[in-house]
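Think of it as A, B, C, D, E, F, G and H in the order they're written, each chain with its own count starting at 1.
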Amino acid sequence: MMTGNVATAEGAIAAGCRYFFGYPITPQNDIPRYMSEQLPQIGGVYLQAESELASINLVYGAASTGAYVMTSSSSPGISLMQEGLSYLLGAELPAVVVNMVRGGPGLGNIAPAQSDYWLSTRGAGHGDFGCLTFTPDSVQELYDCTYDAFEIGHKYRLPVMILGDAMIANMSEATRLRERREPPTQMPEWAVGGRRNGRPRRVVNSLWTDVPVMEAVNLRIAERFRQAAQEQTRWEEYGDDRPDILFTAYGISARICKTAIDRLADEGLRARLLRPITVRPFPTDPFARWAGQVERIVCVEHSMGQFIEDVRLSVDCRPVELISRTGGVLMTPEEVIARTRELIAS
Amino acid sequence: MAQTTQTEALPSHEEAVYRRPAALTETQMRYCPGCTHGTAHRLIAEVLDELELTDRTVAIATVGCSVYAYEYFNTDSVQAAHGRGPAVATGIKRTSPDSIVFTYQGDGDLAAIGLSEVIHSAQRGECITVLFLNNAVFGMTRGQMAPTTLVGQRTTTTPQGRDPKLEGTPMMICEMLSGIPGVAYLARETMIDPKTVADARRSIKKAFQAQADGAGFSLVELVSSCPAWWHKSPLESLHWIRDEMLTQYPLKVFVDYKRQD
Amino acid sequence: MHQEIILAGTGGQGIQSAGQVLAQVALEQGLDVSEVSQYSPEVRGGWVLSTVVVSDRRVGSPIVQMADCLLLMSQRAADDNKGRVRPGGLVLVNSSLVELPPIPEARVVAVPATEMAVELGVQQIANMVMLGAYCKCAGTLDIVYFDQALQTVLPERHHRHIPLNLQAVQAGVEVVIASGE
Amino acid sequence: MKHSYRVAINAEHCKACGLCIEFCPQDVLGFASTRNDAGFYPAEVQDQANCIGCLRCAMMCPDACIEIWRLVSADDRVAAAESVTR
Amino acid sequence: MMTGNVATAEGAIAAGCRYFFGYPITPQNDIPRYMSEQLPQIGGVYLQAESELASINLVYGAASTGAYVMTSSSSPGISLMQEGLSYLLGAELPAVVVNMVRGGPGLGNIAPAQSDYWLSTRGAGHGDFGCLTFTPDSVQELYDCTYDAFEIGHKYRLPVMILGDAMIANMSEATRLRERREPPTQMPEWAVGGRRNGRPRRVVNSLWTDVPVMEAVNLRIAERFRQAAQEQTRWEEYGDDRPDILFTAYGISARICKTAIDRLADEGLRARLLRPITVRPFPTDPFARWAGQVERIVCVEHSMGQFIEDVRLSVDCRPVELISRTGGVLMTPEEVIARTRELIAS
Amino acid sequence: MAQTTQTEALPSHEEAVYRRPAALTETQMRYCPGCTHGTAHRLIAEVLDELELTDRTVAIATVGCSVYAYEYFNTDSVQAAHGRGPAVATGIKRTSPDSIVFTYQGDGDLAAIGLSEVIHSAQRGECITVLFLNNAVFGMTRGQMAPTTLVGQRTTTTPQGRDPKLEGTPMMICEMLSGIPGVAYLARETMIDPKTVADARRSIKKAFQAQADGAGFSLVELVSSCPAWWHKSPLESLHWIRDEMLTQYPLKVFVDYKRQD
Amino acid sequence: MKHSYRVAINAEHCKACGLCIEFCPQDVLGFASTRNDAGFYPAEVQDQANCIGCLRCAMMCPDACIEIWRLVSADDRVAAAESVTR
Amino acid sequence: MHQEIILAGTGGQGIQSAGQVLAQVALEQGLDVSEVSQYSPEVRGGWVLSTVVVSDRRVGSPIVQMADCLLLMSQRAADDNKGRVRPGGLVLVNSSLVELPPIPEARVVAVPATEMAVELGVQQIANMVMLGAYCKCAGTLDIVYFDQALQTVLPERHHRHIPLNLQAVQAGVEVVIASGE
């Protein structure tokens, strides 16, 4: 049994990540704590950065050498990383960035929230891209997604965001661990580190004053996103096979929906959950598939209507209803049930 | 000089006394005529060759007129976000400790937006080398005030001259860093005549030597020219450095490094 | 089987580790479990909550608003959380530190946990006394799994205290038996 | 041993800043009268014989355009080689 | 005649803005240059910040005193302001932020682009909000929007983004100037500055550890957005009154479309442009209105499909086609025409 | 003391010798028992009252244990993003020059994430006052290493003690700022016994006086305790300051300010 | 003039850090035997008579819980007033 | 009336101000206009472009890919941009500095602008010579508006140079007339 934070850190280590740069912020402080304890023991480097700005640029440097590298933070810290994320994207560098979302905007609070959905899927700073984004809903899945994130990031040369929240970061659950893997020994063909043995020099760069070249770079990055969409889209379905209501939710909201669906079933209401495990790429196919077969689609999110936009864009014109709270207030399954009943009644 | 020792085969009738350093690519640098950015590049390249570090060096190009440095240094290179060079360099050094990593930063990049990163790197005693080009303006963005702009100096954004009451006084980076224990080599040099060029070269060499020996953080400030935005000829610019800049920024070796072997 | 438990107390009372031990006991017993600790922003003197959801199916929502069982370790915790028990639920009170008016429709059991812990030699193990009492009252978890659970949850350097912890759990069981509840 | 030198200026890279010319103690250098591709009148060697190989021009050139060779007669080289082996 | 940059600066001054904090970045450098020249002459303050991070926090400080205050930057600089923007939103402070967008991601280039659409409308850092966002398409409109932005920002206590690009920033056009207005003399009732004359003390804050309070704050901010949507949504329509094709585009893309539409008309093709002047609030109504009346809807943007999402969410299930370039490449009207013909043919 | 002069009406039989300063609200502060954050608040409040500045002061609460300072100071207040206090203060001061503006910043806030802002404010000679609480850890986030953590000190993220080879040496903020011309008052104080408390109070007063007189930037570093994350009792914490912290951080008035009138 | 003092401790705000007690030179203060609402045994005045009004307790209190009054007889006040006007 | 013009040259040749003066002349004449200047990232020695769209309707796209008229001030500018004229368009070349092979389907007019400017005393006003030549060749803009336009565009401190500028414009007109084009 471990907390989501520790599972995230341990998942990274198990995947072969040996470099962690970060700056403390609640509710993810157990990640740096664990890393600072573990990494030095296995020949890795934990370095506390002086800020999130430094963190993401330390990550950028380490990533440019081809290393498996990670940072983690929470909402305000992720805002500070936006320029750096854009540089990672532009320079086609992989890295894993964890965001344990808290209530916002501003300093907000340290309660669980999902209001950084846009910042993750649409943000990553200026320019045309967002991060590949995982939205695990359990400690086990936090572990597994983080484990996979490094290989996936390297495969597509894209930064990968693990989008959690204060609740899954701090809950403890049973976690099946995989064997700790050694870091990859072969460096990718784009990694810098000195042009040893006479190989041609390499440059990591995101500056392209020649606009057609910049466009070509953007198109090739977009192509990798497309490929990732084909190969890496993940989702889970849960509940009734012939539902009247299709719930959709990710992360902690999905956990709440699962209980709500079980209870609704007891009350005779057939409901199903379609839960994206990746929100970028977004699992549009299953949405399109189910959209025509249900009476209503209900989106449950702990933000004021961010995730629902992607759902709307995927359900082929079916109306989507929103159940949401904001600012760190968590819904109970009872509340979801009650509000669903209201929707049905109205 | 780096190449003088490479004596050619006997029948030849010429011996190279000075050659373009191998650590510079053949690419023409895009600096304005007479801009000492180029001189600084040349000196760095000479030192890398002389210390035989070129093959294991990673150059960090930052944002400023020198943003294309990755086209000029014949080394692996990384272009870093504005001001973040030392953080990027640290990331590289920590994953790749036997590389030689240096940043090349203007005064806007280092003293304005990147101040925190350079100080924290120095404080950590990070084994990287920083080349700090102080030309008292933001060259690339068309001549705005920099933290190092002299009092009274007119720039694009101080049309009446820098007023210390409103904009403060020039930032003395070397003085500020000089008390930090992690700093192994620290000096301020310039490149306004053959003597100061030679001094600058010596300091750059010591800075890289300090890194190669794992002694800690090293930084060389190079008081540099910007003929374009000083609205002066190349030669006048060197004179302005001598007469004005060096009064504010005296040349000095703040922390000397002696190789222990 | 599905049970939702809230442990509430003050910083330093070992609420979080009690929650984790309880969760681990459930795991050892083959149940699914999700435990969440929360604390107030103040570092010292603030409140600490641990909520545990135990189930023989996959645990869905880990969020507990109203609990089947409430363990109240300090007065403030009791004042703030005494309403969070479902009708017919169970409330265990650390009666050494807490005075509680009766709660309608709930079964309230008083356990002088802190005093008992002091008697056992270490005030800090009042939390284990409470867990023992909980197991006895609720009947869902078996105390035989505590040994294993403590070994898993406690860091190695505290393993020598496990016997004392087990003694405290046992004492909790016995006080309930003795009280005739 | 008095030496002769050959100073070579990369006329295409030269930006006519004039620093080499200013700092040459022997007035060896001057501006060419034809433009290079970039539109500058580059520096050129105008009085090679006067050059003392002091390297000042090369040290001041911001564009690393200048290379300098010493002209070595076969005799010189033998003498030099001997002075080393001795 | 003046450039877009100068018109923006002059619009701010005319509106009564006397405080400018900024950090140089191409292609908006003429804004700080103009401000540094003008403001000291009229009792204002131009202060060059040491970074965009400092800029936005200087703005935050000035805004908390109720002053009309502005900063301007371009893409990477705006990325660095994300945390600060989130704080402005959370603390319910108005300010005007100009983004003259350049090619990205990363350092990119200084050519015109529109790839910060998400960053502006969905970004503003962590939390549930984006900025009120104007998207002028001419120098005159840059002036006018900037002029209006201060009053609007204050009315709704929201940061306002002027979203331009490298092209409109640097083009010169005729501009009708309004009279320079004096700054407002009465400070809003939330402004700090010392609790003079015994008034109760005031606090500017975005920290709400009590989650229901934080939710209430978020809801009241959302309410102001809703109000602004009712009162401030702006758009322009151009071209044929009974179109077959509805083009939609903002900013420089709209200018290109106007020419394309004129030429298409010459060729006998009936087209109309629906051009949002505000993209947050988004003019959903006219989209819904036109959607049913045209054969095809074509979105023209200089980004890889950002703006189109808002269009899709507004056109009531009609398919929307995309014509786009990225990375600083600008389309000519001819290219738009050619690609429109391809769409028609396919 | 601020209140002693407020003699009460004659018939009364008690005279206040010391009262809770009016510049503190009645709100109970949320600091841990014995944490000197509270002491610092009290001293600042006393000084504001004494100098009669309370009514025109804007306090900037930053991010750290003192984030709620806006609930404690009985003044207008602004809560600033982590590290950005001096920028926020500058924004206020520039629009509202007759206000008294101070930031209250921890060592994480000021020396880690906010280093650039405080140095640039000092360099500008900005007329603001910075109260810098150095407790050698990040208190609020549960005891991680700060830039000011002592060599060898164990923290949540330096479980083996801070290793200068990996994490560098403690950052000496006052020493770093001491050469900047725009600084009008600069001192390091502590609050470990009545004498040092009185000294701290005097420095805080001079710092505010400097601001009130428009003399420039002022900063007082207060070597402070964190009983919670030092895992020590309040009294032991004061002893640890005396025995360990002050060795690294000697008390000193670096730049003194004498009112010119 | 020898004075008497009254030390008042805000028992609800007191967090029992003990610093006032430690630093009182006269052993005037001690911990109370009953808890306050926050669960602390606050400091209390145990030997008021011994107090010399040195303010040390107040100066060391991190929570500004301590206020101190001097007890003034009417005579004292007249004397004090005179010493000022003189 | 709709005309798109590209002025191309090197830093220091006054390309941007020429573009702005041209645009202002059009404005004075009651036309709508949009002018855009672009320059290469190098501060010195780089290229400068000014594109001007003049129209009797509201100017739509300010972007000029292919121009109705091309003004080429330096060799590099000529080499890089000589292809950007529409069939039947006009190309004005600063023949003092530029050698240009004939462009098919375009009317190429050679103006020794730099030499003429030097004769007038200031090399920098070659740009105005070119504008004069343009007005004469294109026939769309009237040179009477230059005085007003220069007063609007030039900063006050340069107003004393206006007469010289007007002289240069006039010279440009005359050289076209003289050439018989």
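Everything below uses one rule, namely that a residue touches a chain if its C-beta (ideal position, glycine included) is under 8 Å from a C-beta of that chain, and two chains touch if they have at least 3 such contacts.
Keep in mind it's a predicted model, so treat the numbers as computed, not measured.
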Intersection of the contact lists for chain B and chain G: F
Least hop count linking chain G to chain H through chains in contact: 3
Furthest chain, CA centroid comparison against chain A: D
Comparison of E-H and C-G by number of C-beta pairs in contact, larger one: E-H
Chain centre separation in whole Å, for chain H relative to chain A (CA means): 55
Where chain E and chain F are represented by their mean Cα positions, the distance between them in whole Å: 40
Cα-centroid distance, chain C relative to chain H, in whole angstrom: 85
Mean-CA-position distance for chain H and chain D (Å): 42
Chain H residues counted as touching two or more neighbouring chains: 41, 45
For chain F, residues contacting two or more additional chains: 32-33, 67, 79, 81, 112-113, 115-116, 120, 140, 142, 147, 166-167, 227
Junction residues of chain G, two or more chains touched: 15, 40
Interface residues, chain D side, partner chain B - complex: 5-6, 10, 12-13, 15-19, 22-23, 40, 53-56, 58-64, 66-74, 77, 81
Chain F partner contacts - residues on chain B that touch it in the complex: 112-113, 115-116, 119-120, 123-126, 147, 164-169, 171-172, 175-176, 179-182
In the complex, chain B residues that touch chain A: 55-58, 61, 67-68, 70, 74-81, 84, 87-96, 98-100, 116-117, 120
Complex contact set, residues of chain E against chain A: 53, 75-76, 78-80, 82-83, 86-87, 89-91, 101, 103-111, 115-116, 118-119, 122-130, 205-219, 222, 303-304, 306, 309, 312-313, 316-317, 325-329
For the chain F and chain G complex, residues of the former touching the latter: 1, 10-21, 24, 28-29, 31-39, 41-42, 45, 193-194, 197-198, 227, 233-235, 238
